[in-house]
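Note that the chains take the letters A, B, C, D, E and F in the order they are written out, and that residue 1 is the start of every chain.
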Amino acid sequence: MRENNVRNIWAKGGAVINGWLGIPSSVAAENMAQAGWDSLTADLQHGLVDYQAAVGMFQAISTVPNTTPLARVPWLEPGIIMKLLDAGAMGIICPMINSRPECEAFVGACRYHPKGYRSFGPTRALWYNGGDYYKHSNDSVIAFAMIETKKAVEDLDNILSVPGLDAIYVGPADLAITYGVEPSGTPDNPIVVDAIKQIVAGARKHKVAAGIHCGSTAFAKQMIGLGFQFVTLMADNALLAGAAKSAVGDMRQGGGVKPGGGLY
Amino acid sequence: MRENNVRNIWAKGGAVINGWLGIPSSVAAENMAQAGWDSLTADLQHGLVDYQAAVGMFQAISTVPNTTPLARVPWLEPGIIMKLLDAGAMGIICPMINSRPECEAFVGACRYHPKGYRSFGPTRALWYNGGDYYKHSNDSVIAFAMIETKKAVEDLDNILSVPGLDAIYVGPADLAITYGVEPSGTPDNPIVVDAIKQIVAGARKHKVAAGIHCGSTAFAKQMIGLGFQFVTLMADNALLAGAAKSAVGDMRQGGGVKPGGGLY
Amino acid sequence: MRENNVRNIWAKGGAVINGWLGIPSSVAAENMAQAGWDSLTADLQHGLVDYQAAVGMFQAISTVPNTTPLARVPWLEPGIIMKLLDAGAMGIICPMINSRPECEAFVGACRYHPKGYRSFGPTRALWYNGGDYYKHSNDSVIAFAMIETKKAVEDLDNILSVPGLDAIYVGPADLAITYGVEPSGTPDNPIVVDAIKQIVAGARKHKVAAGIHCGSTAFAKQMIGLGFQFVTLMADNALLAGAAKSAVGDMRQGGGVKPGGGLY
Amino acid sequence: MRENNVRNIWAKGGAVINGWLGIPSSVAAENMAQAGWDSLTADLQHGLVDYQAAVGMFQAISTVPNTTPLARVPWLEPGIIMKLLDAGAMGIICPMINSRPECEAFVGACRYHPKGYRSFGPTRALWYNGGDYYKHSNDSVIAFAMIETKKAVEDLDNILSVPGLDAIYVGPADLAITYGVEPSGTPDNPIVVDAIKQIVAGARKHKVAAGIHCGSTAFAKQMIGLGFQFVTLMADNALLAGAAKSAVGDMRQGGGVKPGGGLY
Amino acid sequence: MRENNVRNIWAKGGAVINGWLGIPSSVAAENMAQAGWDSLTADLQHGLVDYQAAVGMFQAISTVPNTTPLARVPWLEPGIIMKLLDAGAMGIICPMINSRPECEAFVGACRYHPKGYRSFGPTRALWYNGGDYYKHSNDSVIAFAMIETKKAVEDLDNILSVPGLDAIYVGPADLAITYGVEPSGTPDNPIVVDAIKQIVAGARKHKVAAGIHCGSTAFAKQMIGLGFQFVTLMADNALLAGAAKSAVGDMRQGGGVKPGGGLY
Amino acid sequence: MRENNVRNIWAKGGAVINGWLGIPSSVAAENMAQAGWDSLTADLQHGLVDYQAAVGMFQAISTVPNTTPLARVPWLEPGIIMKLLDAGAMGIICPMINSRPECEAFVGACRYHPKGYRSFGPTRALWYNGGDYYKHSNDSVIAFAMIETKKAVEDLDNILSVPGLDAIYVGPADLAITYGVEPSGTPDNPIVVDAIKQIVAGARKHKVAAGIHCGSTAFAKQMIGLGFQFVTLMADNALLAGAAKSAVGDMRQGGGVKPGGGLY
């Protein structure tokens, strides 16, 4: 069984630098995989990515040795969770886990009997991990429940105490919205920051790893300072748009080239 | 007939800021198209892009109003040149034009009789440009011959005087190689710089627009200073890789998070 | 925020001419988009279309300025509803809404808190609509509940009074079947016609817009006469098959060319 | 060996009704295949279709028993001609055959030694035709040289006498252009009509079958009257656009629904 | 209406030899279809196959006359069940049917009113079956409930007595796991064998056909001996891997070629 | 620079066991890559594989450490040769090299100046090989000229003495055809066997490695015995078809299950 790099980093007390894939292309994914992320997550929720594209993206990630492939699913729906695990995702991030039964349903979908109700039939997961996948997968695959609503924060202990839950993942934008605050990738509103602190404290209490979506490296470092062990930096599409706008902007500014003409 | 934004900028004496697409994905292309480029070129030569992907990428570019779709073809082969024009490319960049007959063959592939031998059957080009495409396309479509070898520089006047040639495009890396210099996206070797200057001077003499591939905005500005009217900034995959590596590097540096653990 | 053309037409008291896309191809979609529809719906239920194909189809629709992209989802499943909204659908048609709780679950999936439980993370929706999407999307995105069973007709007031429901959409074939009548695209059975009239009357009473699937332009005009404000004409595959059969039929008939020979 | 339906119709003295596929979708192709064409041609020249899409389209055509799959290649390039034959095309239409050497090169690419230089390795062609494909393919596969320029008409006897040439195919639009006439799908300019008549007469003289691209069923019938044995009706994208525009136009006309409102 | 080959074989008292498709490729599917299977199942659960790939695979199966296309869905989710039926699947295998309500929900998704709640809109199913599909599909489409857990075995009579259930399908690996036994494709553990025998006996009692997943032809023959009427042999990916490993192994063994050199 | 496994084996005096990929699927390719081949060749000539599919297939091969990715191109066309090299092919097999100028044109397309005319712009080749690709690629990339006609055998010395030619590759089927013999994957006709022996002797004389396409492991072993250092075993589609037919055949034979019924 191939080692799960995310679990290894956690075991050493480190924090995982996670990249995020919203472009449905194995080429963009391999491109991203050159950057040395600890893990890369195919985002099937808000990314423009479907299952079949994700398979190619997992293959692309597998061309580099030490980046763990993860996936965020569109919703708590067992079909897609299990399909992504069979395709080689070594962890699943599930949005909108707002109650204990939802958390139980999610964790169960990630585990074979008797720890869950996952159906057996790994295919690419076997190619990626080796022939002893069945024996070790319940201990290797990581279940991340997204805590991203006021309701979930209020029910935190109940959710975090579900047996087999490995980690939580904070979506700051949805969290803000449910507290009546405008969404942001780098939230500084005290209400939101306070909720984030509650979540990380709860995770620590239940010995559950804490991850969070971050809109900048500065915010990510701040979150590691708060105790998060898994930080996601901007998605590929955000990185690409940022770099492109910056290049175009640099050309246009300061006596540069205006759209539609005007010499430098 | 839709106006060709590149020709408009040239008519006003401006320089075109061109983006470059090497990721075979209409989503990455639409993402790039948000950045306000004057034109975007699907690269079917060194990009990981084939014809069918390019069609989707042209559709993506067409979702924004003022960015002209161009394509670089893999080689001087009439089939792919004409297919891309029919798919809506408003200009073709053709690699390795090293002689006058090659330049004539290239220009002819971009024009209907009597100016060339392009076969008639626009499909998406009609959707994009309107019903009078036949009447205006010979004057709208731009033929860019790549001048990128010592041999081509030595035969420059012959190549540049081919009737109907609109523009040339410099590939500094191949140019360097054929002069025995290591390839670079921002060449500063005097031999290469001198060849570039010869090319732009020749273009000016023949009233042919001059374009060049650039590895940085600083180099692009320098090239506009030399008289280039069309500068390409780094390809989407280079922009994405740069941004990703920068984000990961920022996290890892200065007491940051090391791969495989080590707390921030 | 880009204006929603469907809402604009309704605001002016007009009826929307909607096209239907069942061929999973961005090229077929752009081809359809040339015809000047007010809106075009990617059909992920009975069309041969999946999410990834729909993304390309939305890009194709976005190449024309005034046609609003909509989608019909396969079923009341939150994952796909939210994915399509993030991909830029400006309205969702959801099949088989047969009860008030189903209608509430559907409307909630289309709206951010506090009006619903949609998760935040527009990507292509931002590209298409602009940076203020979050602020306006709850008011722009249209939720169409399909009323297409006897059970739904019997519970019409309960369903139509769900807050935030913008529109209903009649599927005459399923409606017929649940009344024990053979399905038809242009129903004239009095039982079915009577049910359609009940639905449009209910919609009017609850100030909910009424849409319907139509098998001919004649039937569509008749439905507008009944008060429908949104009529779908035949799907692309039906239009194409009709045109092809008509062309072949014309060649074969009246002394024409028989399959397998026989001169004209 | 499966019989080639096109050859069978010709043997009986009949004319082939050929459909044309420019939408790169196996679904659109299967949709078209329902209409009962004698043959269907995947157009890799002006259609928006590449090799990989064509494979799926050939599979779609193979779901019906009596429609022969053909392909038009982008240009006289041996690679794509042979790939399409291996994929199961039972005939190749090659554009712009303007000289005897071009015709010889084309015919040779379609035949195994000693009649040509096609490389051996049918794959899907074997699945489609059966295990004796090698033995019969040289006699079954049809080579159609496009005669579509003034130059080709002037050299007609030389071209048509190339051994192994089965058929010619007229592209009336390119033909018109090279005679200085505006392109049309239903040409009536006497210069063009006269050239067409010369071509069909030459074909008859050399016992080569004559085919032509037609913009309407009326024109197709007229061409059969002139002696053509193979007529192509409008491409799928033209049929679809025509049907869609007709449906929208019908809704908008005569007090109908205007874009942007206005009740019927 | 095209006859359902699986039902025909059952009517004659025969056993169906079913192939299994886990490679998301219409080419691999057509390749498999050359082997003369009675039916071929696109596996959207553990196969690496999504809906859009399955459409192409069904087209590939339709190129041969007597192999019935089936699909296994990822989970009991109505959207994907109905989409696959509309795409031409003539039977659905649904995993993890562990209770009577689950079985009822599954069977209902496969049938039009009044036998179920399937929504009407066949598209490819019409092309494949003909215009009278609506009239006959409730009697032709086969609903296979997977019995693959201890819980399901314990509730067997309740599940098997659901009206309209045509067949059950045993997944021996999941069955083993839920009995605490290691999964195997050719189970010989008495606990598992006994459970299998209970299932086939129950099926016989309720006049429901019994199918099973088999890891070898020997096991498949044994299962037919037990009374199974539908046996699946190894998936395409298992067949391909087996053949490839066998070829490589043969080359390397017995003084053969070692990886990294060593002459034969 | 990553080491080229094929060159390593040759340096050690070993023979390379090469697999062959004709199914256009990254999943089938990864499946094949599990079998431990020394190299895997994406076949863009007779395989059903285009450039874009090949990119995904190269990614799939890169998920395993010691299998070198190669490609066979459709024809001696520079565009596709260079595209595949940029995509990461570490060797190119080019069909139908029948003369010295053809061989020179082929070898030149694989090498940067001054050894050839390959254009610079590796993308995926850099990801796969590392940043020093330019420095080492001329020495790592392998150029295999296919010797597969009587004409080529007659001109063998001229072809084999082209500087930079690394290897030849025999296509026994085309070779047989040009000698007037029926094509076979395991030729035993003395004329063909004699030609094969001439080729391997010529290769040895010119210190060019010799490879050959083999229809069985027995034939491959025989060829290694003759001095071949590179043997290809059956393509994935042949392996899959063989395994499937064998499984079905086993079920049907000896009182087994007949198609259409008949109990075992």
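Methods note: a contact is a pair of C-beta atoms (placed from the backbone, for glycine too) under 8 Å apart; a residue touches a chain by one contact, two chains touch by 3 or more.
Every value quoted in this text rests on a predicted model; they were computed, and no experiment measured them.
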item	value
Any chain that touches chain E and chain A	C, F
Remotest chain, chain B as reference, centres from CA atoms	E
Centroid distance [mean C-alpha coordinates] between chain F and chain C, Å	51
Chain D and chain F, separation of their C-alpha mean positions in angstrom	34
Length of the line joining the C-alpha centres of chain D and chain E, rounded to whole Å	41
Whole-Å separation of chain centres (CA-atom averages), chain A against chain B	36
Chain F residues counted as touching two or more neighbouring chains	24, 27, 31, 34, 48, 50, 52, 55, 77, 80, 124, 237
Topology of the chain contact graph, where touching chains are joined (line, ring, star, complete, other)	other
Pairs of chains satisfying the touch condition	A-B, A-C, A-E, A-F, B-C, B-D, B-F, C-D, C-E, D-E, D-F, E-F
Residue numbers on chain B that touch chain D, as the complex places them	50-52, 55, 77-80, 82-83, 86-87, 112-114, 117, 119-124, 134
Interface residues, chain D side, partner chain E - complex	26-27, 30-31, 34, 55-56, 59-60, 62-63, 124, 127-128
Interfacial residue positions of chain A with respect to chain B in the complex	5, 8-9, 12-17, 19, 23-25, 27-28, 31-32, 34-38, 48, 66, 217, 220-221, 224-225, 231, 233-234, 236-237, 239-245, 247-248, 250-252, 256-264
Partner chain A, residues of chain E touching it in the complex	22, 24, 44-48, 50, 52-53, 73-75, 77, 80, 95-96, 148-149, 171, 173-174, 177-178, 180, 182-183, 237
